[in-house]
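This is the structure I want to talk about, given as structure tokens.
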Amino acid sequence: MAAPRRAVAPPQAGDAPWTVTHLAGEIDGALRKGIATAVRVVGEVSGFRDRTHWYFDLKDEGAVVNCVMFASAARRVNPPLRDGEQVIVKGRVEFYAKGGKVSFILDSLERVGEGPLDRAFRELSEALKSAGYFEHGRKKPLPRFPRKIAVLTSRSAAALQDVINTRDRRCPGVGLVVIDVPVQGQGAAPIIARAIDLLSKDHARLGIDAAILTRGGGSKEDLWCFNERVVADAIFRSEIPLVAAIGHETDTTIAELVADERCATPTQAAMRLIPDKVELVRQTDSLLRRLSSSFSRVAQIAERNTSVHAHKLSAGALARTRAAQRKTTDLELRLERLRPQAVHARMIARLEAASHRLQRAMESGIDVDLAGTGARLAESLRGAMQIRAARAESAEKHLTAVAPVRVLERGFSITLDAKGTLVRKIADVRAGERLRSRVSDGVIESTVGGASPVRKSARRRDDAGQPGLF
Amino acid sequence: MAKRPDHSEKADAELSFEDALAQVESVIESIEAGEIGLEKSLTEYERGVRLIKRCREVLANAEQRIEMLTKDLKPAGRNESE
Amino acid sequence: MAKRPDHSEKADAELSFEDALAQVESVIESIEAGEIGLEKSLTEYERGVRLIKRCREVLANAEQRIEMLTKDLKPAGRNESE
Amino acid sequence: MAKRPDHSEKADAELSFEDALAQVESVIESIEAGEIGLEKSLTEYERGVRLIKRCREVLANAEQRIEMLTKDLKPAGRNESE
Amino acid sequence: MAKRPDHSEKADAELSFEDALAQVESVIESIEAGEIGLEKSLTEYERGVRLIKRCREVLANAEQRIEMLTKDLKPAGRNESE
Amino acid sequence: MAKRPDHSEKADAELSFEDALAQVESVIESIEAGEIGLEKSLTEYERGVRLIKRCREVLANAEQRIEMLTKDLKPAGRNESE
Amino acid sequence: MAKRPDHSEKADAELSFEDALAQVESVIESIEAGEIGLEKSLTEYERGVRLIKRCREVLANAEQRIEMLTKDLKPAGRNESE
């Protein structure tokens, strides 16, 4: 089968080398021609990986073959493969050029030793799977702290004791409600299903928050009631979260697949549902601490705010009065500075000036030239006197001048003594006295030599008139 | 404010442990947010304390109750006084 | 001016802590702005003091209440001395 | 002129602090303007002094009151020694 | 003429400082004009002197009063030694 | 003629200062006019002298009075030593 | 004729200065007219001389009186030495 290819190839071997792709094509062709299209191979599953498509190795004591089962084929297999399973696979061999590997592509797969129960299991599980019973999306979350947990099991089962022990250890406060159901044998499944239905209906009334469906290990036949459709349907319908732990860890039942959570053992199921009290107390304590610290922070802030406000308030009030005080003092100083002005220096000046002027006015008022007036008065009189004296003098002169002249022309003279007194008698003169005698044309001055009386007749004549003397 | 049981107090008493804890958590958050006043914070604090007490009570409940229910779920034990 | 409770005094006594503090703030502002007379600013100051005292009271009461509540809580937590 | 309380004296005694200060200011201005007579300026000066004294009184009272009220603020705050 | 208080003397005693000063000035003018007799001048002078004395008195009183009032201002102001 | 007080002498004693001075003037004029006799002139002169003496007296009194009054003006002004 | 005091001589002694002087004039005129006899003219002349003497006397007396009166003017005026 390989020879003809080799016959074709050598002539060109010397000049043009094959590409890798070409070689891969050659290998693939050789494989397709050399191995039948559908072979059945038995072996043990190893290194199983579910990557939508399934990848695993099929091995026996002497060899390992790489296997791929595409999703379309893998979907028909239920339950999924597990390492170590003996399987008989049907398929074809291919060379996977990109990976440089030979792969066995599986069309179908059957488990070695699958009896009627296995087939029934596989068929029901395939049906339920396609009905969506196993989907995670529909599974109910488990309560974090269930008040009561229903335990569906046989009251005499060791599994029940495990659950009770776990509850007592973790949180005694969580109540357990045991629902005694048969866990094996003909007719157990409907009872279990009915119990689940009733629980689902009444759990709220009963205060039950979750349920555990459990039993210990046993034969495939013993566990069979948990693979029946009624139970699966009841679990699927149930409104109460349900944890299933049936048989040993390696056993898988339909009930477990439909349940909201699957656990390996009753103890694990109990642990899964019953919180650890110590942990919860710690959590509660920490919440309490957070609570009080959060509040005391609020109170502290409030206190600080109050203090700050109190401080600001008193400071503000103080500043306000200080400002008022400053303003008052300013005004007070201004008012005080006004003080000299208040007595009005201008008024004082005016008053003093008035006082001086008044004095001066009065002084000049009495400054009358009385002396001048007196002098003028005296002068006026002196003038009047002078005029009069002059007039008297001139009158005298005139009088003297008109002394009786014609008499003198007739030879008489008038003799006057030194005093100017007319000499009439000898007694009027004394010897030695100087006389002045007026004659017609002038005055003769003479000295009295002597005087003697005349005769009686002469004296009589004298009496009759002076001329008689001359 | 403190002693008179009000609507929320009653309601709080019926909260599940989980819900109670969640309420405490939200109480803490509302206090920490600082958007409620001091008085309201105090009330909230009080409520938080009450809730925590309730939780503690639940936790402290040491009664290891195990009830039996018959298959048709008629209570078998007369001790389920709930 | 001081001892006779007036309308605002009553109203003030019913203010929440935060509102009271906010009132103090506005009192401070009005005093600092200096647009109210000295007499009025005194009255305002007085009111501010009253409000602050009220705040303090509220705080003291809160503290007392907390202490009381916390005392209630302790015994339960004594064995969880982590 | 001085001892007999007249209308304006009474009215002055009821002036607010600020109005009193304003009056002092106008008194100062009227005296400074020098257009009022000696007697009138004396009366005005006297009034100014009286008003200032009144202001001082008001201030002193205010200060005392503030001090008292401020004391009131302190004691409650003894534990807030931040 | 001098000692007997006449009508105008009484009236003069009630004149304001400014009016008194104005009267003094008119007295001066009438004396300076010289149209009144010596006796009348003297009477006027006497009146002028009396008026000036009155003015002086008023001033002295004013000063004294101001000093007193200013003293009144001081003691209260002793604590504002800014 | 000179020593005997006649009617005009009495009347003269009641003349005002200014009228007396005017009389003196007319005396001077009448004397200067020279139309009255010597004896009359003398009498007039005598009258003039008497009038002047009276004026002197009046002036002296006035001066004395002024001095007194002026003294009155000074002392009160001792502190206004501007 | 000369020594005996006659009626006219006595009357002459009482003449005023002006009348005496007027009499002297008339004496002179009568003498000048020459219509009276020597004796008569001598008598007239004599009378004229007497009258003149009287005039002189009157003048002297007047002067003396004036001097006295003028002295009266001076002493009081000693302080008006302008």
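When the chains are written out, they are named A, B, C, D, E, F and G in that same order, and each has its own residue count from 1.
We adopt the following convention: contacts are C-beta pairs under 8 Å (C-beta built on N, C-alpha and C of every residue); 3 or more make two chains touch, one makes a residue touch a chain.
Predicted model, so just to flag it, every value in this text is computed and none were measured.
The minimal number of chain-to-chain contact steps leading from chain E to chain F is 1. Here the largest set of C-beta contact pairs joins the chains A-B.
Copies chain B and chain C of the same chain sequence form an interface built mainly from non-equivalent positions, shared numbers / all numbers used being under half. Of all chains, G has its CA centroid at the greatest distance from the CA centroid of chain A.
Centrality by Cα centroid goes to chain D. Ranking all chains by how far their C-alpha centres lie from the centre of chain C, first place goes to G.
Superposition on CA atoms relates chain E and chain G by a rotation of 25 degrees, given as a multiple of 5.
Chain centres here are Cα means. That of chain D falls 67 Å from that of chain F. Our note on geometry: chain B versus chain F, Cα centroid distance of 133 Å, whole angstroms.
As a whole-number value, the distance joining the C-alpha centres of chain B and chain D reads 66 Å. Averaged C-alpha coordinates put the centre of chain C at 33 Å from the centre of chain D.
Counting partner chains per residue, chain A has residues 281, 288, 292, 295, 299, 302-303, 306, 310, 313-314, 317, 321, 324-325, 328, 332, 335, 339, 342-344, 347-348, 355, 358, 362, 366, 370, 374, 377-378, 381, 385, 388 touching two or more of them. Looking at chain C, residues 17, 38, 42, 45, 49, 52, 56, 59, 62, 66, 70, 73, 77 sit in touch with two or more other chains.
Every pair of chains meeting the contact definition is listed here: A-B, A-C, A-D, A-E, A-F, A-G, B-C, C-D, D-E, E-F, F-G.
Residues 37-39, 42, 45-46, 49, 52-53, 56-57, 60 of chain C are the ones touching chain D in the complex. Those residues of chain B that touch chain A in the complex are listed here as 16-18, 21, 24-25, 27-28, 31-32, 34, 38, 41-42, 44-45, 48-49, 52, 55-56, 58-73, 82. Within the complex formed with chain F, the chain G residues making contact are 16-18, 58-59, 62, 65-66, 69-70, 72-73, 76-77. Residues 143-145, 147-148, 150, 155, 164, 167-168, 171-173, 175-181, 191, 194-195, 198-199, 202, 206-207, 209, 277, 280-281, 283-284, 287-288, 290-292, 294-295, 297-299, 301-302 of chain A touch chain B in their complex.
Every residue of chain A that touches chain D in the complex is listed here, in rising order: 303-304, 306-307, 310, 313-314, 317-318, 321, 324-325, 327-328, 331-332, 334-335, 338-339, 341-344, 346-347.
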